[in-house]
Amino acid sequence: MDPDRLRELIDGVARGEVDTAEALERLAQLPFVDTEHARVDTHRALRQGLPEVVYGPGKTPEQIAEVVAVQRQVGLSVLVTRVEPDAARHVLRHAEGGDYDPASRLLWFGPEQVPIRGKGLVLVVSAGTSDLPVAAEAAGVARRFGNEVELLQDVGVAGLHRLLASSDTLRRARVLIVVAGMEGALPSVVGGMVAKPVIAVPTSVGYGAAFAGMAALLGMLTSCASNVCVVNIDNGFGAAHVATLVNRL
Amino acid sequence: MDPDRLRELIDGVARGEVDTAEALERLAQLPFVDTEHARVDTHRALRQGLPEVVYGPGKTPEQIAEVVAVQRQVGLSVLVTRVEPDAARHVLRHAEGGDYDPASRLLWFGPEQVPIRGKGLVLVVSAGTSDLPVAAEAAGVARRFGNEVELLQDVGVAGLHRLLASSDTLRRARVLIVVAGMEGALPSVVGGMVAKPVIAVPTSVGYGAAFAGMAALLGMLTSCASNVCVVNIDNGFGAAHVATLVNRL
Amino acid sequence: MDPDRLRELIDGVARGEVDTAEALERLAQLPFVDTEHARVDTHRALRQGLPEVVYGPGKTPEQIAEVVAVQRQVGLSVLVTRVEPDAARHVLRHAEGGDYDPASRLLWFGPEQVPIRGKGLVLVVSAGTSDLPVAAEAAGVARRFGNEVELLQDVGVAGLHRLLASSDTLRRARVLIVVAGMEGALPSVVGGMVAKPVIAVPTSVGYGAAFAGMAALLGMLTSCASNVCVVNIDNGFGAAHVATLVNRL
Amino acid sequence: MDPDRLRELIDGVARGEVDTAEALERLAQLPFVDTEHARVDTHRALRQGLPEVVYGPGKTPEQIAEVVAVQRQVGLSVLVTRVEPDAARHVLRHAEGGDYDPASRLLWFGPEQVPIRGKGLVLVVSAGTSDLPVAAEAAGVARRFGNEVELLQDVGVAGLHRLLASSDTLRRARVLIVVAGMEGALPSVVGGMVAKPVIAVPTSVGYGAAFAGMAALLGMLTSCASNVCVVNIDNGFGAAHVATLVNRL
Amino acid sequence: MDPDRLRELIDGVARGEVDTAEALERLAQLPFVDTEHARVDTHRALRQGLPEVVYGPGKTPEQIAEVVAVQRQVGLSVLVTRVEPDAARHVLRHAEGGDYDPASRLLWFGPEQVPIRGKGLVLVVSAGTSDLPVAAEAAGVARRFGNEVELLQDVGVAGLHRLLASSDTLRRARVLIVVAGMEGALPSVVGGMVAKPVIAVPTSVGYGAAFAGMAALLGMLTSCASNVCVVNIDNGFGAAHVATLVNRL
Amino acid sequence: MDPDRLRELIDGVARGEVDTAEALERLAQLPFVDTEHARVDTHRALRQGLPEVVYGPGKTPEQIAEVVAVQRQVGLSVLVTRVEPDAARHVLRHAEGGDYDPASRLLWFGPEQVPIRGKGLVLVVSAGTSDLPVAAEAAGVARRFGNEVELLQDVGVAGLHRLLASSDTLRRARVLIVVAGMEGALPSVVGGMVAKPVIAVPTSVGYGAAFAGMAALLGMLTSCASNVCVVNIDNGFGAAHVATLVNRL
Amino acid sequence: MDPDRLRELIDGVARGEVDTAEALERLAQLPFVDTEHARVDTHRALRQGLPEVVYGPGKTPEQIAEVVAVQRQVGLSVLVTRVEPDAARHVLRHAEGGDYDPASRLLWFGPEQVPIRGKGLVLVVSAGTSDLPVAAEAAGVARRFGNEVELLQDVGVAGLHRLLASSDTLRRARVLIVVAGMEGALPSVVGGMVAKPVIAVPTSVGYGAAFAGMAALLGMLTSCASNVCVVNIDNGFGAAHVATLVNRL
Amino acid sequence: MDPDRLRELIDGVARGEVDTAEALERLAQLPFVDTEHARVDTHRALRQGLPEVVYGPGKTPEQIAEVVAVQRQVGLSVLVTRVEPDAARHVLRHAEGGDYDPASRLLWFGPEQVPIRGKGLVLVVSAGTSDLPVAAEAAGVARRFGNEVELLQDVGVAGLHRLLASSDTLRRARVLIVVAGMEGALPSVVGGMVAKPVIAVPTSVGYGAAFAGMAALLGMLTSCASNVCVVNIDNGFGAAHVATLVNRL
């Protein structure tokens, strides 16, 4: 399907000549769509029942608004990640119906309440205040992906009583995302407290020998708790994606 | 409970004066046990219904045999990882009823058929022949942990037709473990083919700029497929542990 | 030949007293030319039939304009790489007849259509949208160096169907340049699909463990496809140069 | 095609019931073959007219002999790389008709004279005596892949007169493989002397800050000669493969 | 004082012509002594009331025996570190009165009970069984340096209950040495439980991304507990030296 | 205790209805306090008799002012680290009674003279002028933590006479903090001159191969003086904390 | 000598009450001087007959002007390195008689012609245009330190004819400073052409795998020419200092 | 000149038909010689009046003996570096008149007393006992290259009095080679004590964060003494070569 036919289809939807169900069906048959700037994969989102996700950095507000518009016209939700407040304001001027959360830097175009499809609780645990942006991204994405989510913050390993006081919460979780910078020790401790899969997210928080997240990353990869797996530094989004797939099983 | 009382309990079991159920119950109440060489955690295995796992390297055959004996007396299964053939032969001379698999270097003391507790298929996918030991460890551990397991090997990304020919198998899996050395590209490709959690295991296979698994590790952490999480280099055991927990959800 | 005599020669050309053929012949006999700021090598471009190439970064618009002027007077084409839009506008105010392409950041002074000297198709394949600037540089340079060029973009390995749908295009190429950031897996996959030389370009796209292109670079160097060779991170120009020399064979 | 049917086919050839042409045709239709230990790709070699290549390290002499036997029965040539003298002797006891070269550590099963299919000279240039094993591998592989090959050795950059004295040889080459350890400067110098593609191979020769080839690798990637591309450390085979593909264009 | 006069002095002691007090006084005035193989510093040990310490690796048993003999003749105690069992046996054949401990690899020549000069308890805490050799070295050295020492082992962070059960012991310590490999998280947790100085020792235990202690080292340097300072990887001796100086304050 | 009850308590103090002693007692029973932005640990400061410390970077002046206000109301001193002059001015407009020192970038809310609780002299030694900010932080923190402190600066190892001229000062110290960038050699030299614990602080001073403090860090970790332990790069605060705990023993 | 007495001495010079000879003599007896901001070493410069050198970065123009004033009053020359044009203008407003060279970023206060004390030619050789700032610093410092200096630029190894054309110049040098970025190959080539000491300076020129000078640094350290020694990345000053000391022998 | 003619020439010398002077003259005209295994450069040694140097590692005793024989026949001295005792014994059985020193691992074929051509003292300074092999290599090579050499050992920076006691020796040197492992601080201290060029040699002595010489290398490159230049890790030979060239000026 070439871009022209895609545009025609979308215009048809816009003019009310093609209904959403039909448009979706036709789109679902396409493996991908060639637009002016990129080859967009509409397939996966549709098959998995997940919103389209756009990685914000390196895109102008105009480009983001354009992508959002295309998706919204065919009835898809869109989640834009890592959008700074200024850029968010800019996009929201061009694209209606968006919701921006500065803590997680997520920009959301979709229903206010996403239906819960995850079977249990996704618990996001955060070591320090500075790790909060990454933890908030993980929590926000997991919510928009249809999970019940709780966020347990500031439970670093140098103050164990805080973590121990939350052991009931830890046990209630079906899958855990643990976010930590500096020495990245929290996933090891949490991993020892629960018999559930732990997805560890190192953050670039720290200075000197933290080497922009390297110390935390190596620490998590060599964790003495063997129920821990790891995603890239600051990758709250990836952790939420893995957690969502696990939580739907 | 001090070592003496532990020994007494175990001797009681050995002499038939204490039955297994009672011994297990008493052990389950202990958070840990101080033996001569180490503080052993009997708790977790019992609660999670997993066998005790012993990491082989750095232990003499005698030490391994000793640990095995203690566990076997109270009726627990034991899995010893990374045992070289010579050491295995040595251990098997001291400890009866063991089963050694040279491909995975796993030494198993327990029932021949572990009851299946995982809800679906754990698929282990391996890039090249040299990655096989790690893939075999992952597969072997997952089996001993009560999962249905399949091993799909030699489907490296430079020969896509092999992988594509196996797409049905990929889709049948509930959780995937993908093992690759060198550039570690296989998890990205597999991650794009399935909407399931992918646990990636970099291996130390390769030379020069492979830097003993570093190239594969970095590649997997920066995967363009966001349903991928990563464990330590050559850590087939860890991948199987995470997969088991996921597969029981 | 000293700078004064060079200036004299160029002035002669400017005044119409020396014709281009003669000037070229005299220049071709010089191994190099000492100008005020640098020892310029006029030799190679003349012998190879390639335009002079100027690396933009670190040069002021005035310096670029000056170099361009000198080359243009003796009838040589000039290609300036990595010129930001602002700098380009500045140069174009001083030097006439230039053509700037913001996508590739190339600034070109020469014939609109460079005669094709390459014997086949140079195909530039790009993994993600963010890799486009490097891919565009490679494609633009290859075109200015006299090759037929096609650009196949957004065919990352996590969406294999896109790449497979383009397998005919891949097979039509005589030499391929494959551009990818993050885990840099695309050259391995493409290398397995064609029996042609593949020149891999890692990009600095990605964050965290991508380490500014290091992950992609290591991945490409350890590719399991052995028809792959590698140039420096973001070095679209170098890839195009090698491809040009190969394509003229 | 399952292993049994493959064995049947090969037995048929062995018994003279199936002729080679027919066997080859049937094999060429298979994308791959599942044997006991690996999924072997017979496709590529057949399509490209190259011998099958087996990477020696990590395989026992018995395993190598087995693979060789299978390939030889259907009439394919086999090249085994990085075989140490002891292992070679062992293999040659089991597999007839092999030819071992200790300098390049290549073990060859095939015609003594491979028909020349490359259109020009592949020149292998080597910096120091210690780089010779890698250079010899590159030269040996290129010969077995059907190229006219010359080897120019011991022309390190600290003794320029040696290199300059060979400039005619350099100019005669259609494609060059340049092998160097330590600071890896030779490809830059050679790249400046020829207008041909240069494939650089860093070697692990050197100590201290050479970091097992890292210094040479980084030096070649950042070469000031832009007609240079690079393969993995010590990867003489890869360089020869790329050179062969280029030389057939 | 030249070697000859030193020998004379020592011979005098050996023959009973010079008494120990006089010999010590004369030695204490020397900043250093030139022997055949090295310039030995007798000063510091004498002033600080610490035994002479010899780093074993790289020395032959004969050389160790020689050094020990010289020191013993003037009445000094000697502690040799990192001596493998075979070498120890060898030394003990040449030098009488030594005591070897295989767990800590320490070889001691001096009084069986060193008088306690430290003002409180030096507690050595060890994460896993594999960290024991380093922890034993730290504990053994601290004892030989005149401290009351306890060793708390196998209290890794993935089994918090073990550590929590020992909180009284932790609080009794005046200075703590915390030894851990892999992710090296234990010092952060212990540091949060006590208001005492914590000396962290990373060990080279672990594989893959542990990078021979690098992960633990970085983790300890970036600890979120700010009462932690760090010594070199596996440097149990250095930790004990610092702890001794602190414990004498 | 929930935030509301905390607020109530603090309001009670503010209104004079609860006296400080009672408030402190109630706070001391709390392991931690949940405020709007973070879980604050009031415990440790109270038990250890140390002021609350706030790490400045990443916090807005408003957030800092808020935290300060809460602590001040219950009578606690607060020390804010790494505050740039502009931010300090901003905070001081909102929070009364603060004292800012630009050299150490410390912002202090508490008594002008902190009672001395350390038993001896904490000596901060600094290698070069550029290391001064880190040395000043260490000295400032140690003073606010109740130590007698002296600062000996510009005694780099390339001008030994300066250091030797200060040997009396070195010997007067009970514990030493040694701050150095570039090659970080100063702690080794100082460590050899005193029989006291030396806490080494590498700084990010230097360029090129200094790698932002890496050279100094590695140098200090491998110091030939074994009475040296190390904290993170630029971590003057951590060094002062360890020194304070040591100096109170 | 305390700062007050220093000030008195300098004031005496300023008022003409103390003559320069006397002031110099008194200063030469001081190992160092404590000023308000730093412990300044006046010794070395005086003994070696070299001007005082001030490293510019991290100092405000006011601080530089102050230091210059102090030195100038007692008749010493001062060389300030790495001064950006804006800062230079600023300093020159406060301190008279200075000379600023933007190419080398050197600011000089002293005689226009420094008497030649070096016994031969110091030749500075530079690989590319971008290496010029470092080469100019080396050349400028060497001149101010009393050497005859020549600068040979743009003789990179990819254009050997340029370098060969300068072989007479190379042979005329008594000591050579060779400056190169990227792969840093020039010192190896130059080292092979002369039997003189070569001081190599890697520069941070280059991108990607140049890793801010790391590639050049490693290349120079592993040079196959053994008459090469190396200084820090971009350290033109250090190279000139070593060259000066060598050239005075 | 081809190998045959070379052999003829050497045979002529051996038979007494060609006298040495004539042979030398003819060899001096050759830029290089092609032997069976390598292109040998006879030029440099002859022109510089230095013996031929052979790097031992990677050569069999037979190969070394062969090279030695060739050189000796034409009257050249030969120095073989890094020869282990066993290999040395082997070579000495084949080649007469050699002298082996196990401390420096140097094998020498030439006059017992090399005429002194250096103008002053080359002083080799060594930090610790373990650095001795490298220091001995530097000293031995410098002696064989015609320098007066002294070796000052075991003067590490943690025992300053030793170094200070040798300050007269330091001042007597014309050029200094300073050898140190671990933190590599010695060159900085020595560099501050003398106004002479200091050639620093990092050694691979040390463990953990010493990273096989990396810590010492970085420390020396970032030395605060600017009269220091650096050679590769363990490169005692290179340091001696540079020192020799400097000492002949």
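Labels for the chains are A, B, C, D, E, F, G and H, by order of writing; each one numbers its residues from 1.
Throughout what follows, contacts are C-beta pairs under 8 Å (C-beta built on N, C-alpha and C of every residue); 3 or more make two chains touch, one makes a residue touch a chain.
Because the structure is a prediction, the values reported are computed rather than measured.
A.B. asks: Spelling it out: a chain qualifies if it touches chain B and also touches chain E; which chains qualify?
C.D. replies: Common neighbours, chain B/chain E: A.
A.B. asks: What is the touch distance from chain D to chain F, in steps?
C.D. replies: Minimum number of steps from chain D to chain F: 2.
A.B. asks: If every step must land on a chain the current one touches, say how few steps get you from chain F to chain H.
C.D. replies: Shortest path length, in steps: 1.
A.B. asks: Once chain C is fitted to chain G on CA atoms, what angle does the rotation have, in steps of 5 degrees?
C.D. replies: 90
A.B. asks: Go through E-H and D-G and name the pair with more C-beta contacts between its chains.
C.D. replies: D-G
A.B. asks: Going by C-alpha centroids, which chain is farthest from chain B? Tell me that one.
C.D. replies: It is G.
A.B. asks: Test of understanding: which option in G-H, F-H or C-G shares over half of the contact pairs of B-E, residue numbers taken as the match?
C.D. replies: More than half of its contact pairs match B-E, so it is C-G.
A.B. asks: Quick one: report the Å distance separating chain B from chain C, using the average Cα coordinate of each chain.
C.D. replies: 50
A.B. asks: Cα centroid separation between chain B and chain G, in whole Å?
C.D. replies: So the centre of chain B lies 61 Å away from the centre of chain G.
A.B. asks: For chain C, which residues are shared contacts with two or more other chains?
C.D. replies: Residue numbers touching two or more other chains: 44, 159, 208-210, 217, 221-222, 232-233.
A.B. asks: Each pair of chains that touch: what are they?
C.D. replies: Final set of chain pairs in contact is A-B, A-C, A-E, A-F, B-C, B-D, B-E, C-D, C-G, D-G, D-H, E-F, E-H, F-G, F-H, G-H.
A.B. asks: Going by the contact rule at the top, pick out the chain H residues touching chain G in the complex.
C.D. replies: Counting only chain H, the residues touching chain G are 44, 47-48, 119-120, 174-175, 195-197, 199, 217, 221-222, 226-233, 237-239, 241-242, 245-247, 249.
A.B. asks: Which residues of chain D touch chain G in the complex?
C.D. replies: 127-128, 156-160, 164, 182-185, 188-189, 191-193, 206, 208-211, 214-225
A.B. asks: Applying the document's contact rule, which stretches of chain H touch chain D when the two form their complex?
C.D. replies: Against chain D, chain H makes touches at 31-32, 37-41, 43-44, 58, 202, 204, 212-213, 217, 232-235.
A.B. asks: Which of the residues in chain F end up touching chain G in this complex?
C.D. replies: That would be residues 129-130, 153-155, 159, 161-162, 165, 207-210 of chain F.
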